[in-house]
Amino acid sequence: MEKFLASIDRRYIYIVLLLVVLFPLIRPIGLPISISSWTESFYAVIDQLQAGDIVVMSIDYSPSGGPDVGPQAVAIFDHLMAKNVKVIGVSFLAEGPPQLQQIINPYMEGRGKTYGVDFVNLGYAAGLETAIAAFNADMKRAFPVDFFNTPTNTIPLMQSVTDANDVKVVMNFATGIPGPAEWVRQLAGFSPDILIGVVTVMGPQTEPYYQSGQIKGLLSGLRSAAEYEVRAGMPGSAAAGMDAQSLGHVVIILAMALGNLAYFLGRKGGAK
Amino acid sequence: MRRSLPLTITSFVGFWIVFDYFVKIDFVRTWTVNFTNWVIIVAAFALGLGAVNLLRIHGKRVTERRPGWMESSVLLVALVYMTVTGIFLGTSSEAFLFAFTNLQQPLSAAMFSLLVFFIASASFRAFRARSIEAAVLLISGVILMLGRAPIGEVIWTKFPDIADWIMQVPNLAGNRGIMIGAAIGIVSVAMRVLLGIDRGYMGQE
Amino acid sequence: MLETGRIFAMISLLVCWVAVYYFIDRARKGDVPTLRRIPGLDALDEAIGRSTEMGKPVFYSPGRGNLTTSSAAATIAALDILGHVALSTAKYKCDIVVGISDPAVYPLAEEIVRTSYRTANVGDMFKPEMVRFLSPDQFAFASSCLGIMSREKVGAAVMMGFWQAESLLLAEGSAQVGAISIAGCDRLFQIPFFVAACDYTIIGEELLAGGAYLSGDPIQSGSLAGQDLVKLFAVVLLVVGVVARTAGSDYFVKLLAK
């Protein structure tokens, strides 16, 4: 038995995992999704915003982390648009602006919103943390033109902002650097609330900022995006992916159990 | 001179930028921005060096028809395409966005999703309850996985609460310890580098 | 003149620097602290020796950090360790392949490996292909590293520095080719992957102490003793803060926010 278990080719585990993850994507099970305190706090900050308030969304996630973090940004942008909150989109990662554009594209051609008035994509500023510092101190100087090379000082939405104190909330969606630590450091002394959305594995490391109150809400991975969609009453792609994630977790737990069974049987055999 | 000049520049600029973080003086801030811009320019030249290295290794493989030359030629074509469209047409151009959306994004996401398979094989191969500590780690890992996925709630409604407790108490305690230790280490490394005590990154003397 | 919200951080930084400088000064005068063993760093020579015996190259990567963000310290520490590893591979006349992600790190790494081979009097063994710039993109870099491990059948994989989600891919990839793997990272959320999948893991500040540990430089070792004193300062702050907060005082919270 132990020999059989120890000799299982890892590719069989891969196939089982692939099938188990694919199944609920084709035929959803509809497992219930509860809302965590992280997501609830995030939602509360967004829900308090009034029509006409301005917020910053910094899209600092890589294309690879997009499937895990992107749905958070999509859900929140949709929620902000529904509340008529204005959004300044920026990025301090070179791959950020095209991904931000994908989020705002549905609103570029209709839905009652206007580019430059309700939202803007300022593009990318090089320099990582120092660029974030420059943006907080003077937004138009840090981004002289937007993603489409329009001078920032001619964009209506940008007329009422100078520095970070002119916005209500700053949100950072990240998969690494720049991420929560950089934003918390560079917004020290400024007034906006900080909200963070990160890739799943970054959640535990970001938790201390949440508990200390330095950030007001935290989303971690696809699960948090699903929770936010459910909380905001706008179920989307993230909620649909939860069943697959659940079954994936079960397969990994079974793999661990099998691995340990093989280990203990092998040890027992060795002790004889 | 070959070492002392770069070390002097490193020290001066490093201390300047640290000073700028704590004070509100326009002159200091302006020069910090200038120094940062220079870093970006130097990094751009370094990117050029990297591109030359890529061209040399993969160009040689293609011209000598060594194993993997097909993959190398794909890499070279992609390198030239993204460079040309990004520089001459801009990153908001259709040509650039086409490659970004249809190639880079799905390929990156595919590599990222490969992680789940590697986690599965690692969990089968390496996550063993070899000792009491390892067993505790394993059990908390299982509880967290169940607590963070909707299926956990279906099995037992308490799983999310226990998972939250694990995250917010023992995990956070260890987390803070490592964070504080690493942060102090970073400050110490920064000081050694700025004072020219740590020169290992410049090569053996 | 001082930025509000950053005054306490400035005082803490000064305390940190004074403490570290004090112990560096003591080390200069001959009072060198004893360092505890770090098994992961001790295992480097074993891994290189094993690779040499098997006639396989050693794979080394200083991670995906750069020199201008908070990942700089880990990257510099990884470059310090690269100097030691490259010197050992040069002495053993073993091949090394260094995978680089950040373009600014590439010339530094090349210079380190080149001078290491020169120091070991085998300068002619150095080949520019030993240090390879792979890609700044996270998973393009990861797939390149996996490709190198599998094609060149490395005998040891050493991964130090700043890592993100690619950590498990590389750790598991090295296990699949049967390489002995040693990893070091100061990012908490990648340490579990390395601990689970690698033979040896260097955790948090152990990585940052790597250069001092391996070089045996008494002055650098002194700085580590200074770090311990600063840790004590952090512990005192924590305890006083917890007691004050529990007693209902928010004096320390306000002090930290100054």
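By letter and in written order, the chains are A, B and C; residue numbering begins at 1 in each of them.
Quick note on the criterion: a contact is a pair of C-beta atoms (placed from the backbone, for glycine too) under 8 Å apart; a residue touches a chain by one contact, two chains touch by 3 or more.
Just so you know, these numbers come straight off a predicted model, no measurement behind them.
Peer 1: So using the touch definition from the top, which pair is joined by more C-beta contacts, A-C or B-C?
Peer 2: Looking at A-C and B-C side by side, B-C shows more C-beta contacts.
Peer 1: What chain lies closest to the overall centre, CA atoms only?
Peer 2: B
Peer 1: Please compute the C-alpha centroid of chain A, do the same for chain B, then give the distance between them in whole Å.
Peer 2: Comparing mean C-alpha positions, chain B is 17 Å from chain A.
Peer 1: Please report how many Å separate the Cα centroid of chain A from that of chain C, as a whole number.
Peer 2: Measuring from centre to centre gives 28 Å for this pair.
Peer 1: Approximately how many whole Å separate the CA-defined centres of chain B and chain C?
Peer 2: Once rounded, the distance between the two centres reads 13 Å.
Peer 1: So which bits of chain C are touching at least two other chains?
Peer 2: 3, 6, 9, 68, 70, 137-139, 165, 188
Peer 1: If a residue has to touch 2 or more other chains to count, which residues of chain A qualify?
Peer 2: Within chain A, residues 10, 62, 64-65, 95, 127, 130, 203-205 contact more than one other chain.
Peer 1: Which residue numbers or ranges of chain B touch two or more of the other chains?
Peer 2: Residues 39, 104, 108, 111-112, 119, 121, 123, 125-127, 175, 179 of chain B each touch two or more of the other chains.
Peer 1: For a test of understanding, state which residues of chain A touch chain C in their complex under the given definition.
Peer 2: Of all residues in chain A, those touching chain C are 10, 62, 64-65, 95, 127-130, 175-178, 181-182, 188-189, 199, 201-205.
Peer 1: Given the complex with chain B, which residues does chain A contribute to the contact?
Peer 2: Touching chain B: residues 8, 10, 13-14, 17-18, 21, 31-34, 36-37, 62-68, 94-95, 97-99, 101-102, 123-124, 126-127, 130-131, 134, 137, 147-149, 203-205, 207-208, 211, 223, 242-243, 245-253, 255-256, 258-260, 263-264 of chain A.
Peer 1: Applying the document's contact rule, which stretches of chain B touch chain A when the two form their complex?
Peer 2: 17, 29, 32-33, 36-37, 39-40, 90-92, 97, 100-101, 104-105, 108-109, 111-113, 116-117, 119-121, 123-130, 138, 141-142, 145-146, 148-154, 160, 164, 167-168, 171-172, 175-176, 179
Peer 1: Looking at the complex, which residues from chain B come into contact with chain C?
Peer 2: On the chain B side, the touching residues are 18, 21-25, 39, 42-43, 46-51, 53-54, 56-57, 67-68, 104, 107-108, 111-112, 114-115, 118-119, 121-123, 125-127, 175, 178-182, 184-193, 197-198, 200-204.
Peer 1: Could you pull out which chain C residues touch chain B in their complex?
Peer 2: Spelled out, the residues of chain C in touch with chain B are 1-3, 6-7, 9-10, 13, 16-17, 20-21, 24, 66, 68, 70, 72-74, 76-77, 79-80, 83, 87, 100, 103-104, 106-108, 111-112, 114-116, 118-119, 128-129, 131-133, 136-140, 142-143, 151, 165, 168-169, 171-173, 175, 186, 188, 191, 193, 196-197, 203-205, 207-209, 211-212, 215, 219-220, 223-224, 226-227, 230-231, 234.
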